[in-house]
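Written below as structure tokens is the structure these notes are about.
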Amino acid sequence: MKKLINDPADVVADALRGMAAAHPELRVDHENRVVFRGDAPVQGKVGLVSGGGSGHEPMHGGFVGLGMLDAACAGEVFTSPVPDQMAAATKGVDGGAGVLHIVKNYTGDVMNFEMAAELVAAESGTEVVAVVTDDDVAVQDSLYTAGRRGVGVTVLVEKLAGAAAEEGRPLAQVADVARTVNGQGRSMGMALTSCTVPAAGKPTFDLPDDEMEIGIGIHGEPGRRRVRLAPAREIAEMLLEPVLGDLDFTGGDGVIAFVNGMGGTPLLELYVMYAEVAAVLEKSGVRVARSLVGSYMTSLEMAGCSVTLLKVDEDLLRLWDAPVRTPGLRWGI
Amino acid sequence: MKKLINDPADVVADALRGMAAAHPELRVDHENRVVFRGDAPVQGKVGLVSGGGSGHEPMHGGFVGLGMLDAACAGEVFTSPVPDQMAAATKGVDGGAGVLHIVKNYTGDVMNFEMAAELVAAESGTEVVAVVTDDDVAVQDSLYTAGRRGVGVTVLVEKLAGAAAEEGRPLAQVADVARTVNGQGRSMGMALTSCTVPAAGKPTFDLPDDEMEIGIGIHGEPGRRRVRLAPAREIAEMLLEPVLGDLDFTGGDGVIAFVNGMGGTPLLELYVMYAEVAAVLEKSGVRVARSLVGSYMTSLEMAGCSVTLLKVDEDLLRLWDAPVRTPGLRWGI
Amino acid sequence: MADGLHTADLEAWIREFARVVAEHREELTALDSAIGDADHGTNMDRGMTAAVGALEAAPPADPAALLKQVGMTLVSKVGGASGPLYGTFFLRMAGALGPEPADAAAFARALRAGLEGVVARGKAEPGDKTMLDALVPACDALDEALASGKPLGAALEAAADAARQGRDATIPLVARKGRASYLGERSAGHQDPGATSTALLLDAAVSALAGSQS
Amino acid sequence: MADGLHTADLEAWIREFARVVAEHREELTALDSAIGDADHGTNMDRGMTAAVGALEAAPPADPAALLKQVGMTLVSKVGGASGPLYGTFFLRMAGALGPEPADAAAFARALRAGLEGVVARGKAEPGDKTMLDALVPACDALDEALASGKPLGAALEAAADAARQGRDATIPLVARKGRASYLGERSAGHQDPGATSTALLLDAAVSALAGSQS
């Protein structure tokens, strides 16, 4: 295992020390492993809390700041944080207008956030609404699965609901934005290589040199199927076909097209992928209103990418363009 | 070779198509492989041109925009662009106030930029000044080398000279900022893995599982020495010792501390590294005024990092904080 | 100790579970690598190490307090799916026990209460390829053995046997809950990590508790 | 062709150089992997393929025009260190030749002018572990052989011999110029890629030109 770390057991704590040192505008609660906006709680504003296993950086800690999250809880690598963390985050961002939990649909995340909400309800009067993201078309949402996974759309939910909260919208409306975004977004990912969980010390799966995994999630888990390595052009088609097949993205105000790197894939390749994605979208009559290319939701050092499309309207576009100031996403301020 | 590409021969052209599609605010000259600010040339402003081999993304194309570069030339992977490209870029950004070439100190880059300047001088009256960056303390600047390599400081030069140009400073002063930054900056890098040049198809060097390269550049070249794998804490010391030994960074207005990922290293690990770098700096009496953590100057999918320190004064800090709007670096706008 | 399971017995069970989890940490993580995210061994080991640490720092006074402390520690130290599930399991067990030593029937009732907590929390059913596939047969076997008059020791052995069989029976299953369900058909052919740690929990019960009433 | 090297002869030389560069592309890149950035074979092949393409698209009228076109093509298609260096080499050769066919002495003078261009552009010296370590001995051997009355064919063979020896002699050297110099002592023990491609240039001259005046 080759990583820039100290003891594998300390990797999350060490990275949080680094975040605290690099971002004095944030406040890091090292005991609870929560990254807060420096000015949290913002009085009168809906507080946004997310979190999940570590190893997906910049998500979620890197999305804390004006116009996005108020707090993010960092679990162990690929392991949902515990209810205590989420409860501490919820209390810390409660500015009197309620708190939105943005939860990726994984059994662990959902249960831990649920327990946190129960804790908070028992202890304080804070109103908490949870929105669960589940945009991964690699997984069928059926009785026979834990439902679709929450992947790329989570980044967009955090930005757009964050902007809505920053505008002063009430909790119900901010939650509506989050639900709308999740409902209008779809994602699909692939991997060229596995990643190595620090505590495990070896790659989660082996992948021959001439094969790739299609339909992966973001926890280094194997995907739905293994196929022969293909050029970027074909990969774009493989990823977009199920996305476009699941929801009609044509017409209206177009889409936000998001090509996301899994952590070990350089930007050069993400732009090659984006060129192919844009070509498929053009051919399919899907208009790109905005785009995002980069490694925003990663799986440690996994090589690969995911593609997310989000159908937008004028309101969502305005929220997208609104100022955001976080370590991972910043514009307008 | 596992990469998200089509034909290895097309990787640069394909990535430029992706950049053009993803960034409508830029103008991409596909024939000359130059990324321009959409509004270039900006009348009355000094034009900033840089460029180099591809494979270092977001550098340089991702640093084109308000407050940074006016144009960037993309060479083949790890191969300096040709004089024709630089000449086209220079002409395209000439707003009447002259053009600054920001050149990393590599034999190829220096010679090609020189030939471009000769071409431009022969064809037009555009005043061109070149500043060569050479901040890599892994290499001794002596008669027995091609001089120090230009590495991490180049990103900072592009930001700071870009801000000076945006402020309306004349060419000589903008060039002075660039030279000052280069003179006050030092870097040192390391690799955990090699990278694979697409056209070569296999890793540039082999590195056993328990070893790392210290003193690497940004072209996948082997470093100065190979040592046993070490924890982040020791790596931070190995990188900072020669940096701190080469220039006194204590006192004054402090430093910009820049921990850069080589492309295949996830942000989680870069924050772990930054925590250790910050600890060494604190112990050494170096005050951190600003920091930058991320993969800004990469070597394809190489795993590893570099550390750059830049001694700053009030003017440089103001230029650092000035608005910048590029795909790779953005704030204040 | 013919008068039932004391705090010390349950503590021995927890310590033994912690020990076997640590011993099998790599195996649990390897199982989770195949159909999950390679952390089940690390998760359980972190949680049980913390649980034992908490017992030492603040020794609980009675069986219910002990299992409650273990449950709380797991909930607040593990995370993931196994934290809430094993946490809820022990919390519900604690809720079903009184402060007094538990006899065999009380222990079996508590175990089933724990099982029901796992179902309530995780909404899985037997056959979904989860820890339930070890826990349900274990509870059934325990009840049956006690009903047929077997002593606790033999009954726990029957329960542990059933848990191991349930664990093995997860191999051909296609997962319908948890992370492994994302793999669809590809999840078949692999043993469920959570069912494996649950089988260890019953093994630990045999080692630590079977002697208590025999 | 006792009257000297015609445009067609030089074109044959360029074509032959392009052919051997393509043939040795992987080898050149492998050499550059060890002490550089793994692109010398790709660079030279891209450049020479373009040079031959340009010759076909717009056949130059005379020797000087031909070599100028090759030089210009290399400058604008190769990049890196080898683009300006080989480009300058051919441009300076072109500058030293007239429009008329070149006799052996004129060819040797042109080759030395090319060499001087490389020195002016790259500021390296013999012993720095660069293409000069093949080019300098080649020019010296050519001059010497012609001075001692050998025909062009034999003289070129002597030059190619010297280039190959110079190439081999780069192996123990510690690089002082170019990318390999960053490696310091670690550059010793590896053959310089540029010296290797230069030896191919002289080999190509033997294959394409040695017959012209014999």
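Going by the order they are written in, the chains are A, B, C and D; count residues from 1 in each one.
Here is the rule we use: a residue touches a chain if its C-beta (ideal position, glycine included) is under 8 Å from a C-beta of that chain, and two chains touch if they have at least 3 such contacts.
Because the structure is predicted, anything quoted here is derived from the model rather than measured.
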Query = In this assembly, which chains make contact with subunit A and also with subunit D?
reply = B
Remark   = CA centroids of subunit A and subunit B: separation to the nearest Å works out as 29
Remark   = Per the C-alpha centroid definition, the whole-Å distance linking subunit C and subunit D comes out as 75
Query = When the centre of a chain is set as the mean of its C-alpha atoms, what distance in Å lies between subunit B and subunit C?
reply = 55
Inquiry  = With centres defined as the mean C-alpha position, give me the subunit A-subunit C separation in Å.
reply    = 32
Ask   = Which word fits how the chains touch one another: line, ring, star, complete or other?
value = line
Request  = Could you list each pair of chains that touch one another?
outcome  = A-B, A-C, B-D
Residues of subunit A that touch subunit B when the two form their complex = 2-7, 11, 14-19, 21-23, 54-55, 57-58, 62, 192-193, 209, 212, 229, 231-233, 235, 263-276, 278, 288, 291, 293, 295, 298, 300-301, 303-305, 325, 327, 330-333
Query = Within the complex, which stretch of subunit C touches subunit A?
reply = 29, 33-39, 42-43, 46, 75-85, 121-122, 174, 176-179, 181-184, 186
Key: Interface residues, subunit A side, partner subunit C - complex   = 53, 75-84, 106-108, 111-112, 114-115, 138-140, 143-146, 149, 197, 199-200, 204-205, 217, 219-222, 224-225
